[in-house]
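You will see chain A twice below: alongside chain B first, and alongside chain C after that.
And now, the complex of A and B:
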């Protein structure tokens, strides 16, 4: 089992492995040490968390549709995996954009629990 | 001082021990500090969507400044000209050897190692601006994002080397290089002149 973790970690580190959105849910739940809640994720995503913006400010509260950049007004491709197969398939991208966008919305890095919750919610969208 | 080295010295630079010499012209100095400012602004706003307008503005500023500097490298005067500090391999090796020997050749303008860093910095700067423009206008995709980040990190590496060079060089030659980039003048003591 431990060996498996090490292999998985190595694969994740090299970024050679294409991931699926569900892999990220699993990873964040593991990091958080608890189950994700889609309901909590929806609330987190759609309401401001102390900052000027919520996730929905750019991604809208229906992330199966395209969003719009709150500052530059440029279109943003749909975030939900069901609507956009490219989303959540590359660990480097996922980590980079959680880092950037959490800084803009919650003024800090998101916790693993918050990321797990958001992933869970995004995966419930049809 | 051997004959070959002394010919490299411009007449205005030679034989002026302890006297201030004009080294950096005003456009070069304004360029230098403006580029430094725009780079810092672009770097600290790089991880934020909220500050993206400022980041893009700093990038345009940097591109314009570099365009000016390239022009100035051909039409400017004295030590600002690229021809004045074009780093040939022989010059770079000679300089690095003198540095290792603890007797660094003294260049009034840019030393050859610094010149390499400057051309790399300009190259990274052009790459960062072009790939940033591409990313902002959504062509080139994820690859352009990677190029942009690599170029920006390359610039940062050059800046770190540059700052270290300024400290070491100021100490080795007993001159205040930061002041020189503000006032444009250096107090030259030609202890080991090379150019």
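And now, the complex of A and C:
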């Protein structure tokens, strides 16, 4: 019992770092109430959705590579989890960047389905 | 004459130094403000400009740069603490409103008046906000004459 308590406390303490990219896919699918589509995610990522930029404007259409900020030209580390182990491991960061970048590209917050689709596509990249 | 040389050297040293900014360390500032652009020295704007900018991060030069309140306050405090002094010159517009763009401040305009409009538009430069394009050591706060290299 005591051991279990310690493990639970440890898990709680490291909670912020405990996520994996798959956890986000699971979370977004649950929120959306349906399965993700990598194909839909690819289309969403690579085409403009009403804003001046698409996701690919900064992350490129091959997010296993580094991108560049469309306006400032600052290098952006690769987004795909296979190329960058730091991506999608911290819920606060993931939520912050989806909020900001969806407002910049879609002019609104993204739906859970859109986020699930993009996650699914990013996870197919090798 | 002998005395003039050290005086001239001293002046040179002082004027080179004037284009160096000490970059105070602040982990949250670096993480949040240097993701999309380089970390601009807090000394380049006065406190009221930083306060105005940090008051509307959801509309940050056309991008949503919104932050949670705790981080927003921490970064505002940091910027205000290290904001510009006399050397910075005015960072208000003609009507007295705090300027948000460093590139519109009097000091920036004075320092860059020899740069032709077409130069800013070069693919290798893109924007006057891209300090590093010409000031190779800008990220370290070094804007001195000797580290300038204007790319073709």
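Keep in mind that, in the parts below, the second predicted complex is superposed on the first by the 110 of 126 C-alpha atoms of A that agree within 3 Å, B and C clash if a C-alpha of one lies under 4 Å from a C-alpha of the other, contacts with A are read in each partner's own complex, and residues count from 1 in each chain.
By definition in this document, contacts are C-beta pairs under 8 Å (C-beta built on N, C-alpha and C of every residue); 3 or more make two chains touch, one makes a residue touch a chain.
Note that the coordinates shown come from a computational prediction; the quantities given were computed from them, not determined experimentally.
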For this session: Once the two structures are overlaid on chain A, check if chain B and chain C clash or fit side by side.
Result: clash
Exercise. Thinking of the overlay built on chain A, is A:104 touched by chain B (first), by chain C (second), by both, or by neither?
Worked result: both
For this session: Please indicate which partner A:119 is in contact with in the superposed arrangement: first for chain B, second for chain C, both, or neither.
Result: neither
Problem set entry | First, second, both or neither for A:73, with chain B first and chain C second | second
Seminar exercise, completed: Superposing both complexes on chain A puts chain B into chain C at one of 99-107, 135-143 or 171-179, namely 135-143
Seminar exercise, completed: Note: overlapping chain A surface for chain B and chain C spans 69, 71-72, 74, 99-101, 103-104
For this session: Can you check the complex and tell me which residues of chain A touch chain C?
Result: 69, 71-74, 92, 96, 99-101, 103-104
Exercise. Inside the complex, what are the residues of chain A that reach chain B?
Worked result: 52-53, 58, 69-72, 74, 93, 99-101, 103-104
Seminar exercise, completed: In the complex, chain B touches chain A at residues 47-50, 52-53, 138, 142
For this session: Flag every residue of chain C that touches chain A in the complex, lowest number first.
Result: 35-38, 58, 61-68, 126-127, 129-130, 133
